[in-house]
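Right, one structure below, let's go through it.
Naming follows writing order (A, B, C and D), and every chain is counted from residue 1.
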Amino acid sequence: MKKVIAVLSLFLVLFLAACNNSSGANANGDSDANGPVEIEFWHAMSGPHEEAIKKFADDFNSAHEDITIKPVNQGSYDDLQQKIMAAAKAGNLPDMAQATTNVIPEYIDNKFITSLNDFIEDPEIGLSEDELNDYIEVFRDSSTWDDTYYSLPFSKSTRVLYYNQTLLEENGLEVPKTWDELQEVAKTVTKDGVVGMGFENSYEAEFQGILKQMGGTYMDEETGEPQFASKEGQEAMTFIKDMIDDGIARTAGEDEYMSNPFGRGDVAMYIGSSAGIPHVDGAMEDGIEWSTAPIPTLDGQAATTFAGNDVVIFNQSEEAEQKAAWEFMKYLTSPEVTSEWSMLSGYLPIRQSALDTEEYQTFLEENPAYKAGTEQFDAGFFIARVPGGDAVRNIVLEEMDYILQGMKSVEEGLTEAQDRAKAELQ
Amino acid sequence: MRKEALSKGTIYVLLSLGAILMLLPFVWMISTSLKAPNEVMAMPPVWIPSEWQFENYSSASEAAPFGTYFFNSIIVTVLTTIGELLTTILAAYAFSRINFHGKGVVFAVLLGTMMVPGEMLLIPNFVTVSNLGWIDSYEGLVIPWIASIFSIFLLRQYFFSVPQELSYAAKVDGCSDFKFLWYVMVPLAKPALITIALLKIIGSWNAFLWPLIVTNSQELRTLPVGLSAFTTEAGIKYELLMAASTMVILPMLLLFFVMQKYVISGVARSGLKG
Amino acid sequence: MDIRIDQLSMVFDKTTAVREMTTTIQDGELVSLLGPSGCGKSTTLMLLSGLYKPTSGTIYFGDKDVTKLDAQKRGIGMVFQNYALYPHLSVLKNIMFPLKMQKVPKKEAEIRAKEMADLVQIGHLLDRKPGQLSGGQQQRVAIARALVKKPNVLLLDEPLSNLDARLRLEMREEIRRIQQEIGITAIFVTHDQEEALSISDRVMLMKDGIIQQESAPQNMYKKPENEFVASFLGNPPINLMTITKSKVADSYRLEDMDQTINLPALPPTELQTVRLGIRAEDLYISEDNPIFHGKIIHIETIGRDTLIRMQVGGITVRALVDPNQQLQIGDIHGLGVHPESIHYFHREHGKRLPLQKRGGMRHAKAHVEEHA
Amino acid sequence: MQKPTWKSTLKGYLYLLPALLILIVFSIYPIIKSFLMSFYTDYDFFNDTVNAYGFENFTKLFQDPNFITALKNTGIFVIGVVPLSIIISLAIAVLLNSKIKLSGFFRTIYFLPFVTSVVAVAIVWSWIFHSDYGLLNYALGLFGIDPINWLTNPTYAMPALIILSIWKGLGFNIIIFLAGLQNIGNQYYLAAKVDGASAWYRFKHITLPLLSPTMFFVSIISIINAFKVFDEIFALFNGRPGPANSALTVVYYVYQKFYEEWEFGLASAAAFVLFIIIFLFTIIQLIVGKKFVHYN
């Protein structure tokens, strides 16, 4: 017994000593002088998306002997953001990470991500003018702050309407194209434990889309001032709330993601991210036909938010590592990879040339579910990127929750949210 | 003899009903973990799966690296437990057998800190661990937890019950202080040490908030943290989620069944002493 | 090995437990440290063992100054009052423990431990745990453990006080036997005079941290060097009284009494008042030549003796008398004593005083006065 | 024992060193630091520099409706969990103490949840609470009760949390009560029986008064633990403080401010308020506990 304890305690000491070395290496990707540069890449992709990222990393690694990419799943986007903040403080940031565009201003402020301009303009490893312009403009814009690139677009999605084709056909219904039609369809199919329409738990994207279709503004593009408590905002919110109160719509609730009840056939339609397609595919029970359609319009007005993530490089890494990370970044956003990524994940291709390839077009023909997302480029919009944008999102979600639960009126809740958001952004 | 208020039979019925309610979640968890997807959501509920799907466990392990989580939980639990035992033994010996200046003050200060809720220490400790560069490392998971005032207090009481003459005898027999501690006190305090170790193992295995905030990478997650992240990763597949929960819960249940005497006496003692 | 103690003092917080003690213990001797509780005998033993470090003074083991040496380096064996056996170890392991600490190879240690176990006659109990043994058996294990490493000195701290009367007797003979068989220097702490007197080569009687007398047991009983020694030893306790010179030459009277007493041996003449001590067993009923008369107030038979208590003036005197004598409560008798059984002590410092031989055998008659 | 010398002092601290080092760095220093941090009004976490101190965190805290909600919810939780848990566990402890066979077996079962991971059992319960497919709603359905949205309706989120917490903590209380019951000498019951007291009378006039120190202790411990609830919420509502903040407690608030919003000063201030509340209960325990001592 005592010998065991003695050995174990020795083990404890040695182990901690060993960890001391390895944890440093583990976090920063420090590499031996002669070994390959190890690049840690943090992301928030799970399931089929994570599989795709692993595949890209493997492909890249076998093509680059001197670089090893190590993708690390950090859970949800919120988790990822928290982990990056913690790691930034502890000085063990990864080399690169996925990041939502509304947290990047904070990274810039705290100076821990690298400006990409030097890499882009580098004659050897940079991007040519044509290449750069091949990145779809709206995404390119969302990656620049004061004309400086701090990120490149990577996983960009838009909202699409998922529908249970089998159910609609049984009821002799068409896929709704307007919100009025959607309400009608939802009313008709809501019976026998099925709810017509579904919203994700974080449905502020839908609120923003409807608000925009109604001609309102969520946040002033120039000043970043929140304006969603307007009359239009209240109407948009009331519209969603009424559907839920009437019982023809529900939120994902404890199912976390709409893909779960939709997959079981408990919900006939729902609006979600185009990147949810592979998840829905996985959750779908046998015998249910389904597909996607563009977001319904209001008075002929189409609008949907672009969401999703860019990739950034952290400046705590050594130069060689940053360079290697840049190589992988280029690879991830190359036309070939982005089109494959799109086909595997439901995210949008971020290069014009990728959209135009015959292979991709054929894919869309064969997999119509993936089509709706790409059809909405013109209707897509980004909301203003401001420091604190993430906090504002949480405030809005919180107040919308109060409204939905009937604890506050629509007007109260939105006004409160707007006031709090303003205070947050000051 | 007077008639009792409740007959033995009634007592058994009441206790059994309660016991069923206590056990039900575990039974339901294991039952769900072995079901095929179509039976998971069946209404009325299916209690015994028509076909036992043991592969749910391997599927869960594929969906998230539960093997790694498991390994981390074991490493962290073993290291914190050994660490705490070592620091506790040494400190309890000093407090019970060595006379030194400032002993009373040091002991009083330590006892005083027991009143402070651990939640209050969370933020400064997080900052300290970050400053030490221990975020996302075994050090960060282990080192803050390898000393416990409560354990020192418990063991010190136990050490006091060892007669002073025994230490004299040992010295005459050729023991240094340290050898006496190691060869005599520690074996004698085995019941107390086992209790301390068990409470630590349970606490360490189930710890959540601290591992949640100090780990970044999947490689360093412990089981509870991995489990809580599992829902976001795989959507909700209840059969897999329950399989994963079973993997987290089962080791402690087994340990408890084997060592329950020590666990319960330890809890009772911790309770009575306050 | 002989032990020399020089000017040894031990001061605890406020009390002085040992006061400038100087003595020598011969090689192979068994010395008892005797005294009432709190007299410093246990502290002395602790100082000898090295478990306590003295405030001042020096201890030599042979020629070596061991004063500053820790217990584990002094080469001593020690037996404790509560045996202090390791409860988690078997008897064999207990005995082997000191050898293990000396890093004696396991095989050899086992052989030596078994030999020692045989010596103390517990060879058949080796696999038991101390908790399964009787007190006497535990005592034997403790002795074996103390002796197994062949110490130079054996220290025994009240080793018999936790045993019942019969076992005590048996064990004290046993300890003596073993000590003599090995020929080890042994120091034995006890508060039991009978034990000390029966077992030791020499007794050191202590009080208040000071050795009152050190001598062979019989000598100490027969010739106590001071009043304390006289009063401490002996059961029933010695009769002590204060006597004062009376106006008549060479005659004394009990203090506060006008009655002169008839002493067969006198104290030094220059002292006006002295303390007189006579053991109960040295008194006998004597109507011819009594020192004083008294009235029997109590008679009690202890085994083969009869103990009587007599009222003599204002004091009570105990005497062990011939049980064949017909005595009754209320009788008045004279008590006699042989001159060599009389002890005189100085009234202030209690030191023994020499007897002064009387010229001739002139015994004055004592007059008893009932109401002194 | 001999007086301390410089040598024994050195030795003492040497033995104490490992524990003391850890405790100073991770228990004592943070207490002070946490107190100081609650006055950081402008703190740069990345460089660990403080630009301004002040009381604003506390004024901000009590103006934040979420903190008020957190305080309120914590209070509701405490009131919901503690009395119920004590009544149930006392009843079970008394039954277990009634000299039946299998008492050890039952005790083991009631204690099981205590040794299991809060996160894991909370996830299991979230499955039981599922509004459409959960076991609980199914069972209620058998009695003709409509399904309840336990986890998505703010009215029921707190009851769900309370049910889970009582289930989880029952075993601990039972063990303590059993220990307390076994300390009551049998002579009281015998005497009462001789006097012809009924079982209920004996419970009321012997068990309850003699158990009162234990009851008091269990109450305080339960209250303190209830104030610290976090893991259950995180796991039950999947990383959110319940629908519409209905399960936002003080510790959850601290977590949000600290780890989600990086407001260290505000989070520390909230933690400090929590400390004060818990400290008050500890003091009550110490004072009243002393009074109770002569009971036994």
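Just so we're on the same page, a residue touches a chain if its C-beta (ideal position, glycine included) is under 8 Å from a C-beta of that chain, and two chains touch if they have at least 3 such contacts.
Nothing here was measured: the structure is a model prediction, and the numbers come from that model.
S.K.: State which chain is most central when centres are taken as means of Cα atoms.
M.R.: B
S.K.: Which pair wins on C-beta contacts, B-D or B-C?
M.R.: Of B-D and B-C, more C-beta pairs in contact link B-D.
S.K.: Taking each chain's centre as the mean of its C-alpha atoms, which one ends up farthest from the centre of chain C?
M.R.: When every chain centre is compared against chain C, the largest gap points to A.
S.K.: Rounded to the nearest whole Å, what is the centre-to-centre distance of chain A and chain C, using the mean of the C-alpha atoms as each centre?
M.R.: Chain centroid spacing, chain A to chain C, equals 94 Å.
S.K.: Where the centres are mean C-alpha positions, what is the separation of chain B from chain D, in Å?
M.R.: Chain centroid spacing, chain B to chain D, equals 16 Å.
S.K.: Starting from the mean Cα coordinates of chain B and chain C, work out the distance between those two points in Å.
M.R.: Roughly 59 Å, centre to centre.
S.K.: How many angstrom between the C-alpha centroids of chain D and chain A?
M.R.: Measuring from centre to centre gives 38 Å for this pair.
S.K.: Enumerate the residues of chain C that touch no fewer than two other chains.
M.R.: Where chain C is concerned, no single residue meets two or more other chains.
S.K.: Using the touch rule from the top of the page, what residues of chain D touch 2 or more other chains?
M.R.: 2-3, 45, 132, 238-239, 259
S.K.: Any chance you could list the residues of chain A touching two or more other chains?
M.R.: 76, 86, 89, 256
S.K.: Help me check something: in the complex, which residues belonging to chain A touch chain B?
M.R.: 1-2, 5, 8-9, 12, 15-16, 19-20, 23-24, 26-27, 40, 42, 46-47, 50, 72-76, 79, 83, 86-87, 89-92, 255-257, 259-260, 264, 279, 282-283, 285
S.K.: State the interface residues of chain C toward chain B in the complex, per the touch definition above.
M.R.: 46, 49-51, 70-72, 76-78, 80-82, 84-89, 97-98, 101-102, 145-146, 149, 155
S.K.: Show me the residue ranges of chain D that touch chain A in the complex, using the header's touch definition.
M.R.: Interface residues on the chain D side: 45-46, 126, 129-132, 149, 151-154, 238-239, 243-245, 259-262.
S.K.: For chain B, which residues are in contact with chain A within the complex?
M.R.: Chain B residues touching chain A: 38, 41, 63, 75, 78-79, 82-83, 85-86, 126-127, 129-131, 133-139, 142-143, 182-183, 186-187, 213-214, 216-219, 229, 231-236.
S.K.: Of all residues in chain B, which touch chain D in the complex?
M.R.: 1-2, 4-6, 8, 11-12, 14-15, 18-19, 21-26, 28-29, 32, 40-41, 43-45, 86-88, 90-91, 93-95, 98-103, 106, 109-110, 113, 115-128, 131, 143-144, 146-147, 149, 152, 164, 177, 202, 205-206, 208-209, 213, 223-225, 227-228, 231-232, 238, 241-242, 245, 248-249, 252-253, 255-257, 260, 263-264, 267-268, 271-272, 274
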